[in-house]
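In what follows, structures are represented as structure tokens.
One chain, chain A, appears in both complexes that follow, with chain B as partner in the first and chain C in the second.
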Partner chain A sequence: MSAWRWWRQIGRWGSFLGFTAPALLLILFLIILPALQTIVLSFTDRQGNFVGLQNFAQVLSDPDTFNLTSFPPGPPPWGSIVHNAVWIMLHLPLTVGLGLILAVLLDRARGATFLKSIIFLGMVTPMIVGGVIIRFLFDENAGIVTAVLRAVGLTELGRSWTAYPETALPALILGSVWLWVGFSMILYSAGLATIPRDYYEAAAVDGAGPFQQFWYITIPSLRPVTMVIVAMTILWELKLFDIVYTATLGGPGGATMVLALQMYFYAFRALEFQRAATVATLLTLFTLIVGLWFVRTMRSSE
Partner chain B sequence: MRRWGQELLVNALAWAVGLIWIIPFIGILMSALRPQSELIHGWWQFSSFTVSLDNFLKAWNHPTAPIGQGIRNSLIVVIPATILPLFIGAMAAYAMLRFPFPLRDPLFLVIVLLMAIPQQMVAVPLFRFLRDLGLINSYLGLILTHTAWALPWVILFLRNYFSTLPPEIEEAASLDGANRFQIFTRIVLPLSLPGLASAAALQLTWAWNDFFMALILIYDPDKLVATQRIPLLRGQYHIDWGVLTAASILTMSVPILVFALLQRYYIRGLIGWTLK
Partner chain C sequence: MKRIGVALLVLMLVASACVPAATPTPERIVETRVIERTVPVEKTVEVTKVIPTLTVIGPWAGAEMEQFLPVLRAAEQKLGVQIRYRIYRAEDLSQVLPPQFEAKQAPGDVIFMWDWWIRENKDHAVDLTDLWQKEANQFVLQPSAVDGRIYAVPYVLFVKPGFWYKKSFFQKHNLQPPTTWEEFLALLDQISRIPGIKKAIISGDGVGWPLSDITEHFLITFGGPELQENLIAGKVRFTDPQVRAIFAERLVPLLGKYFSDPVEWTQAIDLWWNEEYGLFFMGNWLTGMVKDPNDLGVFTLPGARGVVGGTDWAFIPKYSENVEAAKQLIAFMISKEGMEIRAKQGGKLASRKDISPDVYPPADRALAEALAKVERPNVPDLDDTVGGDWQRTFWDQLKLLWVRPQALDSVLRTLDARFPTR
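Moving on, here comes the complex of A and B:
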């Protein structure tokens, strides 16, 4: 390639580089480089020597992270990874299922716009306030949930849920369903609106009842939306921080500790940067698996 | 007759769910608006009902964590932290769509994947980097951090949005002698105002609601943003629910106002960057 053609090529790329430079520099210095430094930290000791996977072995064998000695039927703490996993196993099906039911229900109800706004309010609320509200709802004196439970005779569940290891995690998970269901509902509503009415009419002509229509038309048509909802919800469940911070600070006794909060305590309270970096790297590994799965399924469905 | 019954059932169920979902918000509103003496048996007791703004005033001027100052600080951070990523992200999104570059698609893919990364992944090195630049306890440092972290989804969302614009208009402007930056600022941006409004509504909310980045980058008591002051008002053993709920309502009022005013754009933004 002659020098002249080379320069012309650079010139052609010039506008791309000029337009993207501010964004790429900010992303490089404030996301990519610090993230790479965290990876380096997770493979070194305090003196900066390379120690292989030693930090990971240590973090994964730590009861803070992984502690199945009292896993069901015993109460938490079960370790942050288990708490995040339990959160996903309960919160994901609940929000996806409830979001779909609400979207279908509100599709036919009067005042749907207003009701959708109410349900979506949890998504607009700062999650730091969401944690306050969860604690408020499940408080022994101020909370309406505990008052209702006492009124129906479940006196044992009438105390402050966030103060006891058996109930703190369930309170947070239930509260996070209340906060997050607006997300899946809004996306499912948008998904429902894209299904052509003719499909249902044609199915009705062929004698399909409402449940068959739902199973054979609605559910398959909502597959792409469901992928989006599942991926975004798992990412949110892995990154949980704010609501735990205000509702319980990971307590009592670590019963609601999650990975992101554990990383913060290691780094900014205990000043154990290598251990904190190891937790962060593990967490990022999980989120990247979800991210890559999502990008692949979206590409193959195009 | 059966249809009528079905419709009634659907509506009753829908409104019941709506009621359950709004009860927590009514609860904090009641707790914030009414004096403590009325709330001893719960905010749902209405045998006497007095409205007072005492809790809001106490929260606003709180001796250790005044939420009024926090809201002012949050505004100082959030407004530039919305405008900056929008402009920088729009330029990058436009280039990623229209201009040739050999590594364009892999680069775009990497940027999209960055959305999955948790903020904790950068916390310690980012803190050290900004400290070395003297940008700890500095709104500039927090604004730049918010900008960088907003860019991946702003780029993804606006690239999708720009791809719906007809390229013929840009080609016509180019024949009239406009350069690429002029085409971008005078044609593409004005045509994309609805998309920019969506991105602005979402980014403003997210920057306002952020807690973690502020927590690690700002610790001077006078400079704390609103979300940082909520946990400080909670107290260790005794909780003053009146002040805490009043502060919560004040803090959430700004994103709720944005949502109420820009609801259409807000929802479209949320759907637009997650769906095509």
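Moving on, here comes the complex of A and C:
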């Protein structure tokens, strides 16, 4: 290797480090090191002694995490891990599906911008406020949802949803669909704008109907957008906190407890920081799975 | 390079999971003032004196805050300090204070907080033993102490006296406060039959209280104040037959029939005041939250020998820059003069013995006089005293019991299993 090439190589690395070092240092000291410290904390006791998986065993055997005596299809509480899973199972398809439908329906429709802005309002609402709104939406006395249900004869569902263990979790999930669907709708709208119109025109010439065009052109073309929406939504669902905190505080009877809220209660109510760190580590693990899946999927589509 | 980028992305995703989502820290600065003023000293010399600005953090907002601010204004005049008041609930402070204390910082000079929490964090609190001992025998409550050192002092008294009713509503429907359990049940029946009434009693819900207050009132009435104290001390378990009998025979049979579902408590006040419900269980701060306090009446469950009385605890963080001024402020707040100013506003009772009932507004005076006849007007609050995560569990399990009374045994087992001493 000539001296010139060697110096060029050094220069490239110097530029790379020069531009990335400030951000990398911030990430290192403010995110990665505290995260590693949290993981270490989850393997120690209050005195700082290494205790292996003892904290994990205690957290996982806590009925707030896994309630084996009341498991689906029995009534809640089922434990925070199951609640988070239920949240993902219901909230994810609803937000992705509704977001796609809304984006397609409002694509090039008159007044679409205005309607999209209205739908997107949920997304810009602070989730703390969103939780309070959800609580009142499903309230027996003040709620519009319960009022409508009573008006159509569903009196049993006209009571306060957040007061009952059977309906509290569905209330939060449905409410959070309203808050989050703007995100998927906006991303899908942006994705739709990138699909060349030629595809549809060619398909129409070949005799494809609207449904076939949607199924064979729109959905495959939106696959990268869908990946982003799914990954971001799952991450949001895993670290849910604020909505539950203000709407139900995890109740009644732990029926809406989620992992992040459990972590908060361990840390700031029980002052058991090791257990809180354990929940944080579990959350990290779940996030890691989603993150790896997302990266692998993106790489394979490239 | 691509691999480095991918690795960084994964690391950022992973690390983001360790950072909890935004948590609520509601805060409202009520007043901010300049901290320097030129003060004339003698006739010919002027010096610039730094006037300390004290920050007081308390849980009171709205009407309760308006009742508290006159005390601070009087303290400013008396002590020559500037005071600003910030609103933080104890639930939020429990999250805000630990990292601040670790950084040797404090968001306020005088902070109102849970007694148990201050004891847990006594290393960060100023020793107030000397301040308290000057007038220790004047108070109806004991200070918050660890190993004989006092770290927080009680402020004004709140009580949970029983079921509130509108006198005009009772007169209109010819109802009488009950004197026996049977009369109480008959009253609930009468109220339930009044057209337009949804349920006899509206159940307020904050984050689980006042359901806990109702429950404690039943425990004290049918088990005596001693039962409450033994439960707090862990000497009696929640699965004890005596405790279970009170729940099963007295409280649970009323839940579905006469008590409403939990309703957000400020909303509950309006619904009750609009006569959609007949009775409302709440602390005495209710007197400052209704349109006409003179229309308020209250009765305890017949036979109650005691009612829960509690207070908000004031402490000074070690990291305050104005510890001496903060001590003077606390001394003023709990002095006879400071306490009288607060008592005049209504909504709270003085925790000093030397405050005349004549100081109170009419509704609070009637309550103070009624409480004088109660054997134990200051039974410690069960969940406030036990504190910690059990307090949240207690609230949460009662919310469950209220809508699913058949879960009684599961609720009692959970309360017992999670009690701190188990």
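The rule is short, and it goes like this: the second predicted complex is superposed on the first by the 276 of 302 C-alpha atoms of A that agree within 3 Å, B and C clash if a C-alpha of one lies under 4 Å from a C-alpha of the other, contacts with A are read in each partner's own complex, and residues count from 1 in each chain.
Rule of thumb we're sticking to: contacts are C-beta pairs under 8 Å (C-beta built on N, C-alpha and C of every residue); 3 or more make two chains touch, one makes a residue touch a chain.
These numbers were taken from a predicted model, which means no experiment stands behind them.
Novice: Could you tell me whether chain B and chain C fit or clash when both sit on chain A in the superposition?
Specialist: Clash - chain B and chain C, as placed by superposing on chain A, overlap.
Novice: Answer with first, second, both or neither: which of chain B and chain C does A:Val59 touch in the superposed model?
Specialist: Neither partner.
Novice: In the superposed arrangement, which partner chain does A:Leu169 touch: chain B (first), chain C (second), both, or neither?
Specialist: Neither chain B nor chain C is touched by A:Leu169.
Novice: Using the superposition described at the top, determine whether chain B or chain C touches more residues of chain A.
Specialist: Answer, by number of touched residues of chain A: B.
Novice: So in the superposed three-chain picture, is A:Ser160 touching just chain B, just chain C, both, or none of them (first/second/both/neither)?
Specialist: second
Novice: Just checking: does A:Val228 make contact with chain B only, chain C only, both, or neither of them? Give me first, second, both or neither.
Specialist: Touch status of A:Val228: first partner only.
Novice: Determine, under the contact definition given at the top, whether A:Leu137 touches first (chain B), second (chain C), both, or neither.
Specialist: After superposing on A, A:Leu137 lies in contact with chain B but is clear of chain C.
Novice: Touching A:Val124, do we find chain B (first), chain C (second), both, or neither?
Specialist: A:Val124 sits against chain B, while chain C stays out of touch.
Novice: Touching A:Val86 in the superposition: chain B (first), chain C (second), both, neither?
Specialist: Neither partner.
Novice: Is A:Ala109 in contact with chain B, with chain C, with both, or with neither (first, second, both, neither)?
Specialist: A:Ala109 sits against chain B, while chain C stays out of touch.
Novice: Is A:Ile27 in contact with chain B, with chain C, with both, or with neither (first, second, both, neither)?
Specialist: both
Novice: Under the contact definition given at the top, report the residues of chain A touching chain B in one complex and chain C in the other.
Specialist: Touching chain B in the first complex and chain C in the second, residues 27, 31-32, 34-35, 38, 126-128, 135, 139, 141-142, 235, 238-239, 241-242, 245-246, 260, 263-264, 268, 280-281, 283-284, 287-288, 290-292, 294-295 of chain A appear in both lists.
Novice: Could you list, by residue number, the parts of chain A that touch chain B in their complex?
Specialist: 12-13, 15-17, 19-20, 22-24, 26-27, 29-35, 37-38, 41, 102, 105-106, 108-112, 114-115, 117-122, 124-129, 132-133, 135-137, 139, 141-142, 144, 147, 178, 183, 186-187, 190-191, 224-225, 228, 232, 235, 238-239, 241-242, 245-246, 259-260, 263-264, 267-268, 273, 276-277, 279-281, 283-284, 287-288, 290-292, 294-295
Novice: For the complex, give me every residue of chain B touching chain A.
Specialist: 7, 10-11, 13-15, 17-18, 21-25, 27-28, 31, 39, 42-44, 88-89, 91-92, 94-96, 99-102, 104, 107, 109, 111-126, 129, 144-145, 147-149, 151-152, 155, 180, 184, 205, 208-209, 211-212, 215-216, 227, 230-231, 234, 239, 241, 244-245, 248, 251-252, 255-256, 258-259, 263, 267, 270-271, 274-275
Novice: Can you name the residues of chain A that touch chain C in the complex?
Specialist: So the residues of chain A touching chain C come out as 27, 31-32, 34-35, 38, 63, 126-128, 135, 139-142, 159-160, 163-165, 235, 238-242, 245-246, 249-255, 260, 263-266, 268-271, 280-281, 283-284, 286-288, 290-292, 294-295, 299.
Novice: Can you name the residues of chain C that touch chain A in the complex?
Specialist: For chain C paired with chain A, touching residues are 6, 9-24, 94-95, 98, 120, 205, 207-208, 261-264, 267, 271, 388-389, 391-392, 395-397, 399-400, 402-404, 407, 411, 414.
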